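To keep things clear, I will list the structure first and then write my remarks on it.
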Amino acid sequence: MDDWDWVDAFLLALILLNVLAVILETVNSLQLRFSTAFWAFEVFSVGVFSVEYAARIWSCTADPRYRQPLVGRLRYVSSFFGVVDFLAILPFYVTLALPASALDLRILRVLRLMRFARVLKLGRYSDSIGRMKRVIGARRGDLGVALAAVVVILVLASSAIYYVESDTQPEVFTSIPAAMWWGISALTTVGYGDIAPVTPFGKFLGGIIQLLGIAIFALPAGIIASGYEEDTRRGRTEKGICSSCGRPFGLESESDQCIDSK
Amino acid sequence: MDDWDWVDAFLLALILLNVLAVILETVNSLQLRFSTAFWAFEVFSVGVFSVEYAARIWSCTADPRYRQPLVGRLRYVSSFFGVVDFLAILPFYVTLALPASALDLRILRVLRLMRFARVLKLGRYSDSIGRMKRVIGARRGDLGVALAAVVVILVLASSAIYYVESDTQPEVFTSIPAAMWWGISALTTVGYGDIAPVTPFGKFLGGIIQLLGIAIFALPAGIIASGYEEDTRRGRTEKGICSSCGRPFGLESESDQCIDSK
Amino acid sequence: MDDWDWVDAFLLALILLNVLAVILETVNSLQLRFSTAFWAFEVFSVGVFSVEYAARIWSCTADPRYRQPLVGRLRYVSSFFGVVDFLAILPFYVTLALPASALDLRILRVLRLMRFARVLKLGRYSDSIGRMKRVIGARRGDLGVALAAVVVILVLASSAIYYVESDTQPEVFTSIPAAMWWGISALTTVGYGDIAPVTPFGKFLGGIIQLLGIAIFALPAGIIASGYEEDTRRGRTEKGICSSCGRPFGLESESDQCIDSK
Amino acid sequence: MDDWDWVDAFLLALILLNVLAVILETVNSLQLRFSTAFWAFEVFSVGVFSVEYAARIWSCTADPRYRQPLVGRLRYVSSFFGVVDFLAILPFYVTLALPASALDLRILRVLRLMRFARVLKLGRYSDSIGRMKRVIGARRGDLGVALAAVVVILVLASSAIYYVESDTQPEVFTSIPAAMWWGISALTTVGYGDIAPVTPFGKFLGGIIQLLGIAIFALPAGIIASGYEEDTRRGRTEKGICSSCGRPFGLESESDQCIDSK
């Protein structure tokens, strides 16, 4: 049992170091000096992850969801973490298998990006993600409506600004998609400054749109706040804590309020 | 019945494709290459939307709100979605009816912008908008006060910054309306960088104003959060779920708390 | 009674037009063309506001708080709205009384800024401000702690960035107060771009500081949300609505839960 | 007793003036004119803080946590405020003790930054920090998951943008760490403008990432809101206030709901 914890800690550290390595490899000066070390670490990591992948496929039948020897294993391979584990090691073997000439820049980049699948392996080690997923899941309808409202506002705001500003700044607001780049920056309050209205009416309209951006922050914050609130209340009831006073129920009671509250 | 669902899905897809088309038409390179396709799609869409508009006017008497053959139909035409449906097809017929010479750029632009009314037709297909409208409606008083507070702070902050900065940057802070463009960017935390205080006192004042911007985000978020919270609690009671423990009421009980809680 | 409503509506409109006029006066082109109209409107407004001020001092004894003829009137004059009313008309009379030579630019500006006190007169006409003031008042302790946390984080973050970046950008990060201008922009997520870290370590530190900026938004939003929540619950109890089911109490009951809930 | 309050107020003011002095010392023009005054104030402050430090070590045995004469004092010295008090005076004595030649710029800077430890001494004088610490502590699991989600999104988003944009802007998006500077600015909605996607696909991706930034604000705001909410409810029960109606309990009742509610 203790051994297993050590394996977990080792794999966790290896994943974090891998993400760090893939990030630092893109820094030219580091790549030039430590290319051999990066390569050695990559070979070592893929080796470990391959063994881990094989071991997980082998032992997944211990999980009741994947009990059948063949079908269960196939279902594990196509489960979320099964795919993530596969994607994490795939780029290395593809690069080895193919001749260098077959790899143009585009394919190489996609392969490199796929190495970041390793960061998703982290999800396996966190129990606390559950609550976040549960709250977001329970409110996905409300959050979806809020997102749709953002998109509708974005389309209307960007089109209006485009028709107002394209005369004065034809080389900046070249099209509605270009105006949408301003729109998304204004609504999310990022504001890059490379593209902004300059006419008085455009600025007036832009100001109102930015005020709407506040509402766009307030809606999901409010939705998620009430989601966590609800989840906390439900959790309290399930744990046998009185929903009125927060004290644990008496044993002789089957109600969800403690004896004193009755 | 199933047929109707297919019609709905078809109309939904057509609306989304229309919005996409109106956006992409403004991209010069696409407009040059696919102008015939865009035109054909516009003719087809307006045709479908015209048939839909006529069908809706014809059949609206099935809705108890518009029961009377004439008065009901007139009331439907002047309802929100009646107007939206009309605005969605109007620009096409106006462009056809008027000679090209009568259409100067401004009118053309307004007509093109009106085509975006099509995105509002989407509202008909979403049931979940109801909750958002209900929460915002119930809290419109509080939200209105928060908005008024933003406007008062905006006026006071922009005027103060104008009097502080107009000496040092006379060509940037030319007037209070110009300073309000900075003010709205600071309060909504967008921050373009084309206009910003440079004097020490102006920066000190600007810093305090930006801190106020946080409060301006916090107020509506808090208001909407407590609105969703309230709506959830009321919904639970209406659905016959115990407000204390979250379990459904026993059938024999007329109270809003389940039997165990009593 | 109805007459009084008309006077209120007239004064409300006059205040809004005044704020608009004071804003638009600073636009050069408008000031040049309409200077006489602006002046006439100012004379008219100050006349009306002076009459209003005198009438309010005369009739304030009707309010139990200011019952005594002399002491009550003096207390009214020094109350919040008494001072606001006085500040709203003061600049006009000072400008008339003093010779033009005695008014240097600085005094003129302060006088002009004081004219914006008129926007605060609006506060008298809104009943709904009460709830916002009540919620913010009840949570002023929590909000004060959050503000203090912002200031402490601002001081520590700006000092750290100053010592990290002042070598590389000595003309940008000239001192800690200059770095605090960056700090406040980063923490409030405004981000002007005129001042930003460029060294790798400075950017790393800056990234962490900006993440802290999120917490600084989340704290007041959460505090205010729970404040509105509490206020809603208390209001429900006071209005005689059952705190469990949201239905009004039965008349025969003196409890704050309706009969069914018992 | 009253004397002690005066000592507290004096120390509080001295801490605030010290933080101000350390900030203003970095402004060149002030440093040149008032260097003697700054030095005198530093000597005076360190003197007072040294006496305070000695007095606190001497009298800490009055606190039951540090009762034993020697072990208790050692534990006080290594407590949070014990270390803060030490760090606040250390830089002065180190600068005195070492010859000027031994102090290169780096060490000097760290010593100067350490002087800001004085701002943390403020923590001792605030009772209201408790609630903030309690709420954040109770939700540290949820907040930690939200922070981890930000970091995972940051890594994935920055890597994707890097591979999309590094061809077009090789000197801006030089590496993934450089892209992460953009990523953190986009996700925290700061947006500096010195680095931003320019390709259509990069802007499309960037827009989606910025929308995710909204979620990143909404999550902690929602978590903290429900934390304050929970804390308020628990506090009400502990203070003996009915959890249903907000009125204080009757004396004869041991329940947490007031008599009327039963």
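Labels for the chains are A, B, C and D, by order of writing; each one numbers its residues from 1.
The rule is short, and it goes like this: contacts are C-beta pairs under 8 Å (C-beta built on N, C-alpha and C of every residue); 3 or more make two chains touch, one makes a residue touch a chain.
Since the model is a prediction, treat every value here as computed from it, not as a measurement.
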So which chain is the furthest away from chain B, centre to centre on CA atoms? D
Please determine the option from B-D, A-C or C-D whose contacts repeat those of B-C, over half of the contact pairs being identical by residue number. C-D
Please tell me whether the contact surfaces of chain A and chain D are same or different in residue numbering, using the over-half criterion. different
Taking each chain's centre as the mean position of its Cα atoms, how many Å separate chain A from chain D? 27
As a quick test, compute the distance in whole Å between the mean CA positions of chain A and chain C. 39
Chain C residues touching 2+ other chains are 177, 180, 185, 189-193, 217, 221-223, 225-226, 229, 244, 262
For a test of understanding, state which residues of chain C touch chain B in their complex under the given definition. 19, 22-24, 26-28, 109-110, 112-113, 116, 119-120, 122, 126, 128-129, 131-132, 135, 147, 150, 177, 180-181, 184-185, 188-194, 216-217, 220-229, 231-232, 244-247, 260-262
Where on chain B does chain C make contact in their complex? 141-142, 144-146, 148-149, 152, 155-156, 159-160, 162-163, 174-177, 180, 185-186, 189-193, 196, 200, 203, 206-207, 210-211, 213-215, 217-219, 221-223, 225-226, 229-230, 233-234, 237, 243-244, 254-257, 262
Contacts from chain A onto chain C in the complex sit at residues 189, 191, 193, 221-222, 225
